[in-house]
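What follows is a set of structures for review.
Presented sequentially are two complexes of chain A, the first with chain B as partner and the second with chain C.
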Partner chain A sequence: MYETIAFYLFAALTIVMFTITVMSRNALYAMTSLAAGMIFISAFFFLLDADFLGVVQIIVYSGAVMAVYAFAMIFMDTLRDVKEKNPSKKIVFFLSGMVALLLVIILLTPLISEKVQALYPFSDEVGNAEAVGIVLFTKYLVPFEVAAIMLLVAMIAGIILASKRMDESITLKIDQEIEEELQKGKR
Partner chain B sequence: MESAFIIETIIKILVVLGLFSALAGFGTYVERKVLAFMQRRLGPMHVGPYGILQVLADGIKLFTKEDFIPQGANRIIFMIAPIITAATAFIAMAAIPMFPEFTIGGYTVKPIISDINVGLLFVLGVMATGLYGPLLAGMASGNKWSLLGAARTAIQYLSYEVVTGLSILAPVMIVGSLSLIDFNNYQSGGVSDWLIWKQPVAFILFLIAGFAETNRTPFDLLEHEAEVISGYATEYSGMRWGLFFIGEYANMFTIGFLVSLIFLGGFNDLWFIPGAIAILLKVFFFFFLFLWTRASWPHIRPDQLMWLCWKVLMPIAVINVVITGIVMMF
Partner chain C sequence: MITLNHYLVLAAILFSISLVGILRRKNLLMLFFATEIALNAVNIALAAFSKFYHDLTGQLFAFFIIAIAASEVAVGLGLLIIWYKRTGNIDLDTLQSMNG
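And now, the complex of A and B:
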């Protein structure tokens, strides 16, 4: 019974949070509610005894991805409302409605058809983290390593894009300039 | 059966909340006294014997102060932000086994609110979400100093999360579990079994990152008085400011418990000292270490902070993980 109550509570909270994210014109509200929604989603993983995935959900989405968004938001005036440009509301509602419907159908397939079954069902013998690790390093080893290489490429690309003037330290440079100016003044 | 479990959990939650809120208040008194003695002063002396009732006076002051919200601020986020800091600090404690099991009237009590098998990750993850408190506070305040504090929050917490995670990876590889209870049981053979002897580098890295994650002195750039007035907390007063403070002190205790459990034998019996008292001694030693460092080290500059994280601590942590892996393979 408690699990049912918890499920409906967190389902309602998640929907409310993501609705605020989509509907709000204020970037600060959108960001905060998105982060909160990500945390509420992790509650479903905990309810399903998938502790590891729940914690990963918190760390990756709320702790890292949203924090980077938030860091980018610092450079804008988040206290002012954003003027949105929606050429046609019909298209927006149609597309988002279709995507939502598609997701519901995908998630309902195990209920509709008996042919769709879990390849690696949850077992009590091994813990959560071990179960994820075993699947990742046996069946999905190649995709896993490819993903790692792609992340490495993305990281190197990011460093190259950002590092055009990395050898100049702003803090030190200003000190040096001040010293040079002082020396010029003495002469 | 299930109701008994729910009631037990609620009692545990209330005990942890009450105890650590009180400890946070008492911590301010201890901090002022320790700093005073290290600087050859007396500290608070007037309220009560040796100023011990100063905590109460401060509490009354904080509670009765006007709850002020500046005009330019975003009201809702401004009000939520301190609650996020305090809440995450206490939620992180849910997965920490504080003491060994004990029995009251034939009923065995596990002094841990929720025994999930990835406890260590949970604690670190929830502490990492604590960054939203200062961040949202700074962004909602409508104040340039607060915004600078928020920017510093984001870079500091994000960077040092990496060091925390990588440094803890080597002990996790040795123990082979993410449960803090397994960490404790692994070191049950006495002082020579402590993980600090196998992982001294990880211990030091985790401790340094702990100072940054709890925003304590060599790394307290978020509210560096000389540069950004009070950082993210500039516009806060009264109990909302107090909530930030309670969160910071609760996080200090969390880091103390984590370090004791992971590296220093946890709540196993130490020579003649029973386990519950042994872990308390360790936690209070680390609390004292936080104050000691505050009294003896100056602040560092933001660029020094980033240099230390990315060019010193992170490479050492990665090398430590690689060496641990090689040693475990052969």
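And now, the complex of A and C:
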């Protein structure tokens, strides 16, 4: 009973938040509603008995990823409306409708076939975080290490890309000066 | 009673919202936001499969998707900042510098 109420409540909240993200013209509103939607999504993970995944969702998405977006938006004028020109709305809605229909068919296919079997079934003796740890550090050890190396590479790349010429103000300078300096730097 | 179908329909709705965003947005930052929504929708579907088939693989796949999303954001935003420093806007139409 409570599960049903919680599901429909959080489903409505998530859909509303993500619709605001997609439709909003202001980048700051879009980012804020995206962060709220991420937190509401973690409620689904708690409903689905995936406690550890829910905690990771809150920490990584609402904490780390949103903080990175907020830092990136320092460089841009966020209060100004985003200017976009959309040539044809009919094509956009037609294409997204068709792709969504295809997606529903793809998602419903495994339900029709009853041949799905559990590879690593739950055990009732240990909690969710423990069970995830046991499977992650035995069956998925190599992907886990590869993911760690990938995160390291991404971190180094992000630092090097974003920290170039960090010591001077870019917002107060006009484009021509930056281009001239770039030309000088090449010589 | 909430079944697997409920969660799958929710994930499909969220994914189509993000598809609308990807198709109608021209701003690169907004495009990143829509991509995040798509990844989250898939995560919901994977966690639901994990619960209703009593299998932990779905949750572990969701963890790897979160790791990939985090590194994608780090590299993508670094490139976006550089492009903004060079040109002053992040509209997708201005990215066509190689049209012949």
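Here, the second predicted complex is superposed on the first by the 128 of 187 C-alpha atoms of A that agree within 3 Å, B and C clash if a C-alpha of one lies under 4 Å from a C-alpha of the other, contacts with A are read in each partner's own complex, and residues count from 1 in each chain.
Here is the rule we go by: contacts are C-beta pairs under 8 Å (C-beta built on N, C-alpha and C of every residue); 3 or more make two chains touch, one makes a residue touch a chain.
Small disclaimer: the values here were computed from a predicted structure and weren't measured.
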Task = Check the residue A:A64 against both partner chains and state whether it touches chain B (first), chain C (second), both, or neither.
result = both
Ask   = After superposition on the shared chain, which partner residues are touched by A:M73: those of chain B (first), chain C (second), both, or neither?
value = both
Query = Is A:V55 in contact with chain B, with chain C, with both, or with neither (first, second, both, neither)?
reply = first
Ask   = Which partner does A:L161 contact after superposing on A: first (chain B), second (chain C), both, neither?
value = second
Task = Could you tell me if A:A43 is touching chain B, chain C, both of them or neither one (first, second, both, neither)?
result = neither
Request  = Please work out whether A:T32 is in contact with chain B alone, chain C alone, both, or neither, and reply first, second, both or neither.
outcome  = first
Message = On the A-aligned overlay, A:Y2 touches which partner chain: chain B = first, chain C = second, or both, or neither?
response = first
Inquiry  = For the three-chain arrangement built by superposition, which of chain B and chain C touches the greater number of chain A residues?
reply    = C
Intersection of chain A interface sets (partners chain B, chain C) = 52, 56, 64, 68, 71, 73
Query = Can you name the residues of chain A that touch chain B in the complex?
reply = 2, 26, 28-29, 32, 35, 39, 46, 51-52, 55-56, 58-59, 62-64, 67-68, 70-71, 73-74, 78-79, 127-129, 169, 171
Key: chain B residues touching chain A - in the complex, by the definition given at the top   = 2, 6, 72-74, 76-77, 80, 116-118, 121-122, 124-126, 128-129, 131-132, 135-136, 139-140, 142, 147, 150-151, 154-155, 157-158, 161, 177-178, 301, 303
Query = In their shared complex, at which residues does chain A touch chain C?
reply = 3-4, 7, 11, 14-15, 18-19, 21-22, 27, 30-31, 34, 37-38, 41, 44-45, 47-50, 52-53, 56-57, 60-61, 64-65, 68-69, 71-73, 75-76, 82-86, 89, 92-93, 95-97, 99-100, 103-104, 107-108, 111, 116-122, 131-132, 135-136, 140, 143, 147, 150-151, 153-155, 157-162, 164-165, 170, 175, 178, 182
Ask   = For chain C, which residues are in contact with chain A within the complex?
value = 1-2, 4-21, 23-27, 29-30, 32-34, 36-37, 40, 43-45, 47-48, 50-51, 53-57, 59-60, 62-64, 66-75, 77-82, 84-88, 90-91, 93
